[in-house]
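Going by the order they are written in, the chains are A, B and C; count residues from 1 in each one.
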Amino acid sequence: MDKDLLDKILSSVTGSENKEQTTEKVETAALTQCNLTEFVGAGIGDTVGLVIANLEYHLHENLKLDPKYRSIGIVSSRTGGAPHVMSADEAVKATNTEVVSVEFCRDTKGGAGHGSTIIFAAEDVSDARRAVEIMLSSLDTNFGNVYGCDAGHIELHYTARASYALNKAFNAPIGKAFGITVGAPAAVGLLMADMAMKTANVDIVTYASPASGTCFSNEIIVTFSGDSGAVRQSVLAARDVGLSVLRGMGQNPVSVTTPTL
Amino acid sequence: MDKDLLDKILSSVTGSENKEQTTEKVETAALTQCNLTEFVGAGIGDTVGLVIANLEYHLHENLKLDPKYRSIGIVSSRTGGAPHVMSADEAVKATNTEVVSVEFCRDTKGGAGHGSTIIFAAEDVSDARRAVEIMLSSLDTNFGNVYGCDAGHIELHYTARASYALNKAFNAPIGKAFGITVGAPAAVGLLMADMAMKTANVDIVTYASPASGTCFSNEIIVTFSGDSGAVRQSVLAARDVGLSVLRGMGQNPVSVTTPTL
Amino acid sequence: MDKDLLDKILSSVTGSENKEQTTEKVETAALTQCNLTEFVGAGIGDTVGLVIANLEYHLHENLKLDPKYRSIGIVSSRTGGAPHVMSADEAVKATNTEVVSVEFCRDTKGGAGHGSTIIFAAEDVSDARRAVEIMLSSLDTNFGNVYGCDAGHIELHYTARASYALNKAFNAPIGKAFGITVGAPAAVGLLMADMAMKTANVDIVTYASPASGTCFSNEIIVTFSGDSGAVRQSVLAARDVGLSVLRGMGQNPVSVTTPTL
């Protein structure tokens, strides 16, 4: 019986992979075949972006939204927490929306990290849609500094000016340079954090480990703020030490897209 | 060293798969080769059903069972939360047992959802065994409205009359029509919930998201009760919107067994 | 876009696997290519062991370490909780270190169990390094009584004399014989626990299930202490019943390395 299940899932997976291979160029066509007005788009890490123009009353209450907001944009991913918050930060800077919720989950399809769900609230659905669009379009860039391999992954994130998404998710001081280092398995993250903190004069903002501050993920995540140059230098030093350790484990960590740091 | 581990696991997996392929017809025979009286059976989603005629005293205390119950039936799965609760609900309606515990876990073998563990207590082991048997036998049906694909899954569950398992797990009002919608990645679940609530006059019972009410799973799960026709209509509307979004992500969601709604 | 991600990850995985196949004999050479002084070694279950000679001040504070400890050893794994605690127990017996933190995470690369992160604190970095070395070197032995298969796994652990790592992780009475039984899916663990408790005169120390005491893993984990012979007998009886159930599920559970019990 389990075999049936496995077969069904395999055929579904294989099916969709084949489709992707043979119809690469009509992919955009396929995506626009979703004729729901709520569907905005999909992206890397099994990310999906949706809008709801007029959220149903009880759900609105459940999310404790300010009554002035009728519309929401919502973006969920199977893989990626910090890259999504970074992307949401760019979206919230550029639109008339508020980040009302950032939730992480223990996912990554068997990887060591998080998936995420971020909700933007807006008075007008076009603002919510714009925020989701901007967020989706900047995901590829923000995945550039995620390096994955079979044994784990490291992530580096840097912004010269943190905004409301980073504040909501990591308590980042608004308007200041902000850095994030992530390492998995967790020990890698602690070594990266130690290196980041020793490299330049930065202030630790949050420290999260498997048992505290994560969703039981296998990561140590440290965030810090400070002078723009210092934060950047710390992030780069953490990257080098993280890549070294993963290579020491016999792995070959590669950027998920294209590194920007 | 890690390679050795991988090889061992692969050979174990491959071994068991081969066995399944070549000995499909003797599978029942193989299952009855487990000569433990405690073993009741296995099922879809790596489900196993067991009974303990006379639970050891300290474990009995630990589970806080009523002293009148000496026997328990226990069913665990790697994949499947709501389908198992639905099946347990049928079992508890038909037997002289009580559902004393429903626990979810963050599992699904790398999927976005839950596994589950449900314990029935009974004064007599034959009642516990019967409950486990009924539950196992109705799993295939309840997996019919689970649609999976590589990027996520959606689930719809409907009963005209909720009983004690649904009450224990989701606080369902006993004897009333009850519906469950699940979508993963989580954003899909919120859109399904919005559609369900707008479609007909139903009352929300529970709302669960990655950070609250789930085991950090990548799902939004909404349950609701109301008039039988209304609940059914809501569930169907949620299904359509959920399937549309997954298809919009370039996926091909398929029922795990055979849809019943 | 998701396809790109998949390809990248696949190529990374395949790449590293090929490398492993063709360069098996130079693996040790590859490992020593990590020229970080902080890198101690890697092991089964994607385990990595590191030392930090002089932990950065704010991280030191964050971990609430006694000021007398300047150095830490830290070991993280993707797969393996109890085997790592058992190994840490041997390390702490043999070195001048303190186990200051044991954290589990919901990992195992899509399996049902835990990964772990254990921190040793020491006044001198050579002590921390020695603890990590001893821990890494005893992992293979402690994985011998972990039996895995596609549907789940069971684990048995026995020590004649528990020390500070087992005390920190499971509240084990120092100096007494101590046993651990783990079964996944969770129902298997409960049956094993019932058998262990009934077999000999042992005292239950901890009981952990998906919703309480684990990281939402799909396991029931029971620990017990008592007379050395009784604990050993209980562990062995639990093993037999656990293997029987997994075989009843049509699986072929095999030891990850070489059984020692």
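Here is the rule we use: contacts are C-beta pairs under 8 Å (C-beta built on N, C-alpha and C of every residue); 3 or more make two chains touch, one makes a residue touch a chain.
A quick map from chain label to UniProt name: A, B, C = Propanediol utilization microcompartment protein PduB.
Small disclaimer: the values here were computed from a predicted structure and weren't measured.
**Student:** Answer with line, ring, star, complete or other to describe the graph linking chains that touch.
**Tutor:** Drawn as a graph, the chains make a fully connected set, so complete.
**Student:** Once the Cα atoms of chain B and chain C are superposed, what angle does the rotation have, between 0 and 180 degrees and to the nearest 5?
**Tutor:** 120
**Student:** If you average the Cα atoms of chain A and of chain B to get two centres, how far apart are those centres in Å?
**Tutor:** 29
**Student:** Going through chain C residue by residue, note those that touch at least 2 other chains and give them in order.
**Tutor:** Residues 2, 17, 20, 42, 46, 106, 109-110, 151, 215-216, 250 of chain C each touch two or more of the other chains.
**Student:** For chain C, which residues count as touching chain A in their complex?
**Tutor:** Residue list for chain C touching chain A: 1-6, 8-9, 11-13, 15-17, 19-20, 27, 30-31, 33-36, 38-39, 42, 46-50, 52, 55-56, 58-59, 62, 74-78, 103-107, 109-110, 115, 117, 151, 215-216, 250.
**Student:** Quick check: in the complex, which residue numbers of chain A touch chain C?
**Tutor:** Those residues of chain A that touch chain C are 2, 17, 20-21, 24, 42-46, 79, 106, 109-112, 140, 143, 148-152, 185-188, 190-191, 193-194, 197-198, 204, 207, 209-212, 214-218, 220, 222, 241, 244-245, 247-257.
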